[in-house]
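First comes the structure, then the notes that go with it.
Labels for the chains are A, B and C, by order of writing; each one numbers its residues from 1.
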Amino acid sequence: MLISTKTGNLRLNVAVSMIVFFCFFFSVSVAGYKTIILATTTSTVDSGLLDVLIPIFEKQSGYIVKTIGVGSGMAMEMGRRGQADVLLVHSPRDEEKLVKDGFGINRRAVMHNDFILIGPADDPAGAKTAKSVGEAFKKIGESGSLFISRGDKSGTHSKELSIWPYSKTILSNLWYLESGQGMGATLLIADQKQAYTLADRATYLSFKKRIRLVIVREGDKLLLNPYHVIEVNPEKNKGVNTTGAKAFADFLVASATQKLIADFKGFFPDAVK
Amino acid sequence: MIKALLGPNGAGKSTYLRRLMGLDIGKIDRQMTMVFQEPLLFDLTVKENVALGLRFRQDKAVKEKVGRWLENLGIAHLSARRTLTLSGGEAQKVALARAFVLEPKVLLLDEPFANLDLPAQLELRAKLKKIIHDNRVETIWVTHNKAEALEIADHLMIMIDRKIVQEGPPERVVQSPASEEIAVFLGIENIFHGRVVINDGRSYFENDRIRFEVATEGKADAWAVVHPEDIIISEQPIAKTSARNTIAGTVSDIIKSGLTYRILIKAGEEFKVNITRASADELTLTPGNNVYLTFKATAVHIT
Amino acid sequence: MLPELLNILLLTLRVSGTALLISILIGIGLGVFVALRDFPARKLVIGVINTGMGLPPVVVGLLVLLFLWRGGPLGFLELIYTPTAMIIAQVILGTPIIAGLTLATIQSVPQKYKWQAQALGAQGWQMAWLLIRETRLSLLAAIMAGFGGIISEVGAVMMVGGNIKGQTRVMTTAIVLESQRGEIELAVLLGLFLLALSFSVNLGLTIIQQRTKRA
């Protein structure tokens, strides 16, 4: 037992314990100088692309990247508050507003992946026969087949919401459900309920072996999901690592990186030379 | 010097001790220590318990002192034992050793043997008294047991209702209780209520039922106590005696208790008289007999 | 995969282990102090400790986040998204549990034992040591409760750590991530690992606790 019956020894024991844990405590901290905070979306993290790119960047540049995967809305908010140094997001309308409001600079295209409409193999709504994704959505609404929405202000959610007007359908909670969760969880729910949902191709591919849903509609221009990198404007907030942000953004659009992106299933490079 | 604090339960004796010890305000005098009714040993070995107070004071001679006092209390063979396995008497001895080892200026004992069986009480009482006197420890010993108090006290204090109502050498207190309350508590008998009047230069105690001569000043409201041992019973009044009082009465009851008999006699008031069995046999006392009670005026204690 | 798993396991041990150690030191100290001493607003402090036992981890995480991020009062420390931030959050969660249970334990020691200790000359630290020793069975249970709260929480470490691969990913946040990704088998494996870890620690503490039972 640490504590013996001699009260003098007790003080020694307490002192030693305190020294030991203080060493522990401080050894666990990480130095902050060469750190970049990258705010991106959960679906980007889930795709695994960053697990490939980030280590390469860190090795090359000596920076440590803290990748924070949150909802698209939160990523934008982090940009506005200066809580991140650089953003990698895919909500063009919100991004444009961010830049217009002066919080983001040097917005550059990096890559795109695409969304697909997936649903049960027997396609009860007949969406496969539609001539556009808007029409596919219309058939789903008319047939009253279950549709699971992300419902979380994510990029996928924004994309989905932008398609509904084309379907000229009124949403009803008899068949339109919101999961409020990430892409993976939403796919699992849709699979369990044999419902339709809009997903990004990369996530769908990684889940393919464990769900029975199939691709019902793909390839529309409307379904493209463009990613941009945006550096956070240091003039709006204090403490932003501008050199780090620029270094990372430059890395993303560099041709070597773009080639890696091309090789990664589901993503297509977009950086303009 | 052992000061016994005697009183009925609830009289405030324990509270008094705790206040002396400083426990009510949380400021204790390290030159005093206290042993409670329960041993209150901690979850350590016997020898660690005894050493506790010394360790708190960072004493340098712990081992030697602990060893010595374990011997004194006769528990050296228990030194490595854990306290849960001890009997009541053994545990209390540990508690006592734990107190003595501190060589306190004042030792407070709060009914230390109240939870023990009678043989253990008697054994420990004598042992403790000897240790205290041998080591000259100033002790305040609280008890509700009259026999214990009388056995151990050098100085007796009676506490009733949170106040010390009488103190002094035990024989004096018992002989002359300062009030009826004390007398009743002490179990003193033949207590009568009345007044003392002076008549023709003589004092008499009187009430509606009885009258006898006493040797004190006049008092409007007085208690008279006559010890059962101070009264003589005779079949006929005794002639030419220095005792001022001879009262006629009737035997109402005889209680036999070994070698002493307790005779209840109605003589206006009810008197209790203690006489030897031999005398009782010789006098052939039976309930209903007419007898005479004789006692001196000076044998009456007036309060 | 394996080196990453090892990384996660080691980080979990470092973060939760450190947080537990600190929570024990502060928690038991605070619990004993409040139990034995009287001071103004004592009842209020006890109320706060008792409320603290049931703090929702994600709320604690959110509040620590607001303190530690840029522009926050402690933002200059640059602790956000580091294991240190996670330790801080877990200490805030674990300390009240240990303190509250210690407080109740010490308060339930009968007054007469405290009187006896005082009568023997116990002062301040000495009284604390003696009572801690007397109640060590219950205090070990308090520690196990604190450990349980710390090792199982995910909301706070997710918020202030960011679940960054190789840096701030611990077992609970890894389980969330992998199940979100649909990697069910991996998530279950991690879950079993976590249970095994928790069980071993508690087993160790239980052995110590049961060995100190009165002979």
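Throughout what follows, a residue touches a chain if its C-beta (ideal position, glycine included) is under 8 Å from a C-beta of that chain, and two chains touch if they have at least 3 such contacts.
Being a predicted model, the structure only gives us computed values, none of them experimental.
Most remote chain with respect to chain A, judged by CA-atom centres, is B.
Each chain gets a centre from its C-alpha atoms; the one nearest the centre of all protein C-alpha atoms is C. Ranked by number of C-beta pairs in contact, the top chain pair is A-C. Put simply, the C-alpha centre of chain A and that of chain C have 32 angstrom between them. Rounded to whole angstrom, the centroid-to-centroid distance between chain A and chain B, based on C-alpha atoms, equals 89 Å. Separating the centre of chain B from that of chain C, both taken as means of CA atoms, is a distance of 58 Å. Shared interface positions of chain C, defined as residues touching 2 or more other chains, are 126, 133.
Under the contact definition stated at the top, the residues of chain B that touch 2 or more other chains are 44, 56.
In chain A, the residues touching two or more other chains are 7.
Residue ranges on chain B touching chain C, taken from their complex, read 18, 21-23, 26, 28, 30, 32-34, 36, 38, 40, 42-44, 52-53, 56-57, 82, 84-85, 98-99, 102, 108.
Those residues of chain C that touch chain B in the shared complex are 112-113, 115-123, 126, 130, 133-134, 214-215.
Interface residues of chain A, counted against chain C in their complex, comprise 1, 3, 7, 10-11, 17-18, 21, 24-26, 28-30, 32, 35, 37, 42, 45-46, 51, 54, 64, 66-69, 81-83, 181-182, 184-185, 187-188, 206-207, 210-211, 237-240.
Those residues of chain C lying in contact with chain A across their complex are 14-15, 17-18, 21-22, 25, 69-71, 75, 78-84, 87, 125-126, 129, 132-133, 162-165, 167-168, 177, 179-182, 184, 208, 212.
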